[in-house]
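The structure's right below; bear with me while I get my questions together.
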Amino acid sequence: TIAAAADLKFAMDEIVTAFKRANPADRVDVIYGSSGKFNTQIREGAPYDLFFSADIAYPRELAKEGLAASEVKPYAVGRIVLWSASRDATKMTLASLADPKVARIAIANPKHAPYGKRAEEALRSAGVWDKVQPKLVYGENIAQTAQFVQSGNAQAGIIALSLAVNPELAAKGGYALISDALHSPLEQGYVITRRAAGNPLARRFADYMGGKPARAVMVKYGFVLPGESAAK
Amino acid sequence: MFLSEGDLGAIVLTLELAGIVTAILLVLGTPIAWWLARTKSWLKGPLGAVVALPLVLPPSVLGFYLLLAMGPHGPVGHFTQWLGIGTLPFTFWGLVVASVFYSLPFMVQPVQNAFETIGDRPLEVAATLRASPIDTFFTVVLPLALPGFLTASILTFAHTVGEFGVVLMIGGNIPDETRVVSVQIYDHVEALAYGHAHRLSAVMLAFSFLVLLTLYAWRPNPKKH
Amino acid sequence: MFLSEGDLGAIVLTLELAGIVTAILLVLGTPIAWWLARTKSWLKGPLGAVVALPLVLPPSVLGFYLLLAMGPHGPVGHFTQWLGIGTLPFTFWGLVVASVFYSLPFMVQPVQNAFETIGDRPLEVAATLRASPIDTFFTVVLPLALPGFLTASILTFAHTVGEFGVVLMIGGNIPDETRVVSVQIYDHVEALAYGHAHRLSAVMLAFSFLVLLTLYAWRPNPKKH
Amino acid sequence: MDMTQTRPGIHARFNLGFKDFSLNVDLEMPGRGVTALFGHSGSGKTTLLRCIAGLERAPAGYLSVDGEVWQDAATFVPTHRRPLGYVFQEASLFPHLSVRRNLEYGLKRVAPAARKVSLDHAVDLLGIGPLLDRLPERLSGGEKQRVAIARALAISPRILLMDEPLAALDLARKQEILPYLERLHDELEIPILYVSHAPDEVARLADYIVAMEHGRVAAQGPLGETLARLDLPIRLGEDAGVVLEGEIAELDQAWHLARVASAGGSLWVRDNGLPVGQHVRVRILARDISLALEPHGDSSILNVLPARVEQLADDTHPALALVKLNAAGAPLVARITRRSAARLELRPGQTVWAQIKAVALVG
Amino acid sequence: MDMTQTRPGIHARFNLGFKDFSLNVDLEMPGRGVTALFGHSGSGKTTLLRCIAGLERAPAGYLSVDGEVWQDAATFVPTHRRPLGYVFQEASLFPHLSVRRNLEYGLKRVAPAARKVSLDHAVDLLGIGPLLDRLPERLSGGEKQRVAIARALAISPRILLMDEPLAALDLARKQEILPYLERLHDELEIPILYVSHAPDEVARLADYIVAMEHGRVAAQGPLGETLARLDLPIRLGEDAGVVLEGEIAELDQAWHLARVASAGGSLWVRDNGLPVGQHVRVRILARDISLALEPHGDSSILNVLPARVEQLADDTHPALALVKLNAAGAPLVARITRRSAARLELRPGQTVWAQIKAVALVG
């Protein structure tokens, strides 16, 4: 069983399908959810073998406490984009968020969502934080943030690139990639849990993630691979 | 300080929300409960069931549908925009509307039960003593249904305090406007700020305990009929 | 197909969970409600309030605390390990325990009200007709409190179906074991798979409507006392 | 329908069906005085009162009270707009209100100008003063019923419907309340519809009798006439008898007696403090009259009237006979054994002496 | 306490305080026959019955029934283990059960061997056969009460507590039920505690009388003695009188009469179908006796007994006097006017003729 950050949903589904085609005898279940929740649950003995976190800090923490059976490996770097459902976001910049016509801006909660934290950093670096802050609404996670924008209740939002390329969202408006210079890198990492120490399948799947087909899928769904830069 | 300023703001906001929702539901739920308790129409069953339906959906999913409905493209949103009050999501009143919708069964069901057990006789007696139906309702039915109202209010109040799925979705977690305590505690937990979460939870529990205890103390002793 | 296999599995699991939780709460909540309804102890108020407290915490925070308590390092966890049944989180029975805890007030409060309105007389009459207190409870109190039980069951059932905050935390979303419909719908919405979410929501609503309607149809007509 | 014109008195026509019972009545009752509703358990008395109060809605019913139409094809005045007082068969106090607030409930809803009954007086008379601050659950059965009576009186109704109001009360209490009810209907001139199984209450209070049987009116008529009819389906049993009108002609202060001059002759009754000239009503039960062929001076029986035998009829028991007498124009009924009737060779037209053991002043 | 030894009959001692009322009784009642509980509304009759049933728990109370201790310092038998039947003042049927299932409720809980009362018979006699499938909310007041009586009888209790069971019933119905209750207590030999305000019921049914006043026992004793006492605080009013024991000596089939040979002499009563030799009880009301100085053959009064005047006493009204007579050893009480007493110059020791207008056979 794999616990994967919600933003991996589409990419991971495709990777798992491919993996199963290659290894028909193996059974792989993926559960998507919030990385923080998985972190807590693994401490309390949740039966997850692999943990793909949206923030590499969580698996690192687990490893430090001896709950991991492998090193923490980065598998992707998340990027954030400015997105809108009601206007052409490709022409927008962070500065245009100060426009009074943009009444509400959705970001994920910077307190616990990694994408939200990067969004806040980017807004601060762009120097619009003070003007924009009263207009902010906070989503529980990046998906909810997207829904705020998608339903038209927020005119714009900062979401993950991986979500913005989703056909459901791409059909409306467009997105503008936010320079990764404006925020600290959002490293995503995975770890094999202690529970799966004797589970060869876990290791095989981890290895598969590092392989070429998997990497291609990741890129297709808007992830930037460690050491590479965003393909636009 | 023991609690941060944000926590205090959230507490005040929560109590306001729960209080207002409970008050609105008392006004709104009572006639529905009355109708359900007294009607002989075949609609009683279906409508009774519909009242309980909001409970069946997961709160954040319900929140999502409400967000669509109340958004600028939804039917409720069209209506509120036509009224000139803009759209409701991300406002305190949006929270109120959503919570009212979600907590409706907690108000209606116990009150309906209380109404049903009163029976016809007290109403008949009141009528022979010149009380009009509305008069009777306030002077006989309401007092006799008091335990039902208390139960309903307790469930509604507590549930509104604890709800956060709908609230987060509709409210957008805006400090001092829609960031209620449940969301605040949730944030603390998600941010792994457990100490903070524990403190706030303890305060909420203690406070709610007192509120509930007061409600209980009011509760009249069971009556023999 | 209209629904995926995972959806069907989740529906079955949900109904099992809601059914079991409602059944357990009927057994567990009834004596508590009875005690609360009949006692003259000063503990009535405080304990009555405590029963409603789980409602006040946001579900996922409550889930968090339950997770800590039932986990390998928590008191409940120690106990279950000592019993040799391992720990409860991430198992179906963990979900059941958590839901029972969370839904307790929905069962206890309406039933307590129903018990209170019965009054002493029917119990006295039963005693003069040779019925022991337990006999009386089953042959007189339960039938007279039926509407209260129905309301309680409706609220408990619907609420267990809809709950997902606690469930997600304790259950860990494991297919066929703890992935109930509410979590499934939530996942669909989170994954922006709206079509899928709509379908599943519609099925759940329709199905729940039928269940509630059946419960309502059973509901006896109001009695004049 | 030509029934909507203004008519005095109470006119009621109801057809109402329950599963195993149907009420079919067409009644004309006087607009003042006490009408007693009589009948077996389950004969429809309560149902009739409920129809009159508007608590039961008989389709195609008709009801007018003193010319005011309360129900017809086009009208249905709701209960709370009908100026009536209702004492339910079960006391039905509001359980959440103290006795005092139960009493005030109706009172408050009546305009001060329309309040004609003194609540304080009713409270005193019904002996419920000490109970005012109690909740109904702490009252005895009779106490509840007395509160219910006071509550119905407090609204100064224009018609009073009472469903066995005194059933749970002891004799002494009844004897305090009855004269009060009598005065009430005299002073306020309100009609009272009174359900009772107690023949003494009926004989004492009623001016008009309605006997119900299986949801139908078996007999109705003024008290005096109706009681003297030997063929009546109302079985008053031990309390068969007649009521005579008269007035106080003389007071014998030494013996606390009063002489009533009635149509049938002079009758000595206990002196109840009424003045000479006062119009009164006396009740003479059939069981209290014995017959003799001659007057006897040495008996303790005070009242002996000459009378003519008019008719002999069967009574409920084959050992007994009812004898209808004519005492100077006034009807009397005596109950004697058949053997005595034979021994005295009683036959219509014969003159006898009616020895009246007891005469009760009933109003 | 030396009260725990085995004693026949019912011994009850209770002290129980409510806010404005306290019950203080110490009673010895016979273990068979009917004990009538009498007293004003609010005098504590219901409270006493509740204590006996164990529904109210008087601290430091004592209760034994036929030697079985139901309550003392150490014991408190819970209500459902006391083999009693209770008819509540309000019918108190289970609202969720049909009449039939109400009746069966207690019956089912009694071992078949212990069932001595025929439910079918009770149902017939109480006239509730057609109601069996109804819910209580669809019954009239009297119907409810009849079902409640049948329900209490169905469990074949060893003691029957009845709180005004016949209050809501009409005379005819009462007269059907009373003989049934009489037979019941004769055949089953169970004691009945019977609260009633109706003196005729009491006189007819009771063997023993307990008069309550303000929560205390004002008087108690066997019916005959107690009724003949002129100083009694129980105001039976119109129904003061005595009860004589006797047996049927002769039947007069032509006139449907029976002659009862009693201590006081021969009395003719209606023939109720009882055989010669049957032990019976006759009730003679004070109001039915007139006194004459000589016997009169030409009167319709069948029963005339010679008697000696023993005592004259005041009655409730100053116009009236009660005269206690001794008829061949049997006590009689006559109510006459003071004027007649003076005219006949009645004084103790004098011989008079007691003309008895009506004699009722009461068991």
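Should a chain be cited, it is by its letter among A, B, C, D and E, assigned in written order, with residues numbered from 1 in that chain.
In this text, contacts are C-beta pairs under 8 Å (C-beta built on N, C-alpha and C of every residue); 3 or more make two chains touch, one makes a residue touch a chain.
All values derive from a computational prediction rather than experimental measurement.
Enquirer: Tell me, which chains sit next to both chain A and chain E?
Expert: C
Enquirer: Moving only between chains that touch, what is the shortest number of steps from chain A to chain C?
Expert: Minimum number of steps from chain A to chain C: 1.
Enquirer: Measuring between Cα centroids, which chain is at the maximum distance from chain C?
Expert: D
Enquirer: On a C-alpha centroid basis, what's the spacing between chain B and chain C, in Å?
Expert: The separation of the two C-alpha centroids amounts to 19 Å.
Enquirer: Could you give the separation in Å between the centres of chain C and chain E, each centre being the mean of its C-alpha atoms?
Expert: A distance of 56 Å separates the two centres.
Enquirer: So how far apart, in whole Å, are chain A and chain D when each is placed at the average of its C-alpha atoms?
Expert: Going by mean C-alpha positions, chain A sits 91 Å from chain D.
Enquirer: Measure off the straight-line distance from the CA centroid of chain B to the CA centroid of chain E, and report it in whole Å.
Expert: Taking the mean C-alpha position of each chain, the two centres sit 60 Å apart.
Enquirer: Among all residues of chain A, which ones touch two or more of the remaining chains?
Expert: Residues 37, 40, 144, 147 of chain A touch two or more partner chains.
Enquirer: Which chain C residues sit where two or more other chains touch them?
Expert: Chain C, residues with two or more chain partners: 60, 64, 121, 189, 223-225.
Enquirer: According to the definition already given, which pairs of chains are in contact?
Expert: A-B, A-C, B-C, B-D, C-E, D-E
Enquirer: Within their complex, state which residues of chain E touch chain D.
Expert: That would be residues 18-20, 38-42, 46-47, 89-90, 127, 130, 134, 138, 140-143, 146, 163-164, 167-175, 197, 199-200, 235-238, 252, 254-257, 268, 270-271, 287-288, 290-294, 296, 298-302, 317-320, 334, 336-342, 344, 355, 357-358 of chain E.
Enquirer: Show which residues of chain B lie in contact with chain A when the two form their complex.
Expert: Against chain A, the touching part of chain B is residues 60, 64, 67-68, 70-74, 87, 89-90, 168-169, 172-174, 186-187, 190-192.
Enquirer: In the complex, go through chain A and note every residue touching chain B.
Expert: 34, 36-37, 39-40, 104, 106, 109, 111-113, 136-140, 144, 147-148, 151-154
Enquirer: Inside the complex, what are the residues of chain B that reach chain D?
Expert: Touching chain D: residues 121-122, 124-133, 135-136, 139-140, 143-144, 146, 220, 223-225 of chain B.
Enquirer: Can you tell me which positions in chain B touch chain C when the two form their complex?
Expert: Residues 37, 44-46, 48-50, 52-53, 55-62, 64-65, 105-106, 109-110, 112-114, 116-117, 119-121, 147-148, 151, 154-155, 158-159, 161-165, 182-183, 185-186, 189, 197, 201, 204-205, 208-209, 212-213, 215-217, 222-225.
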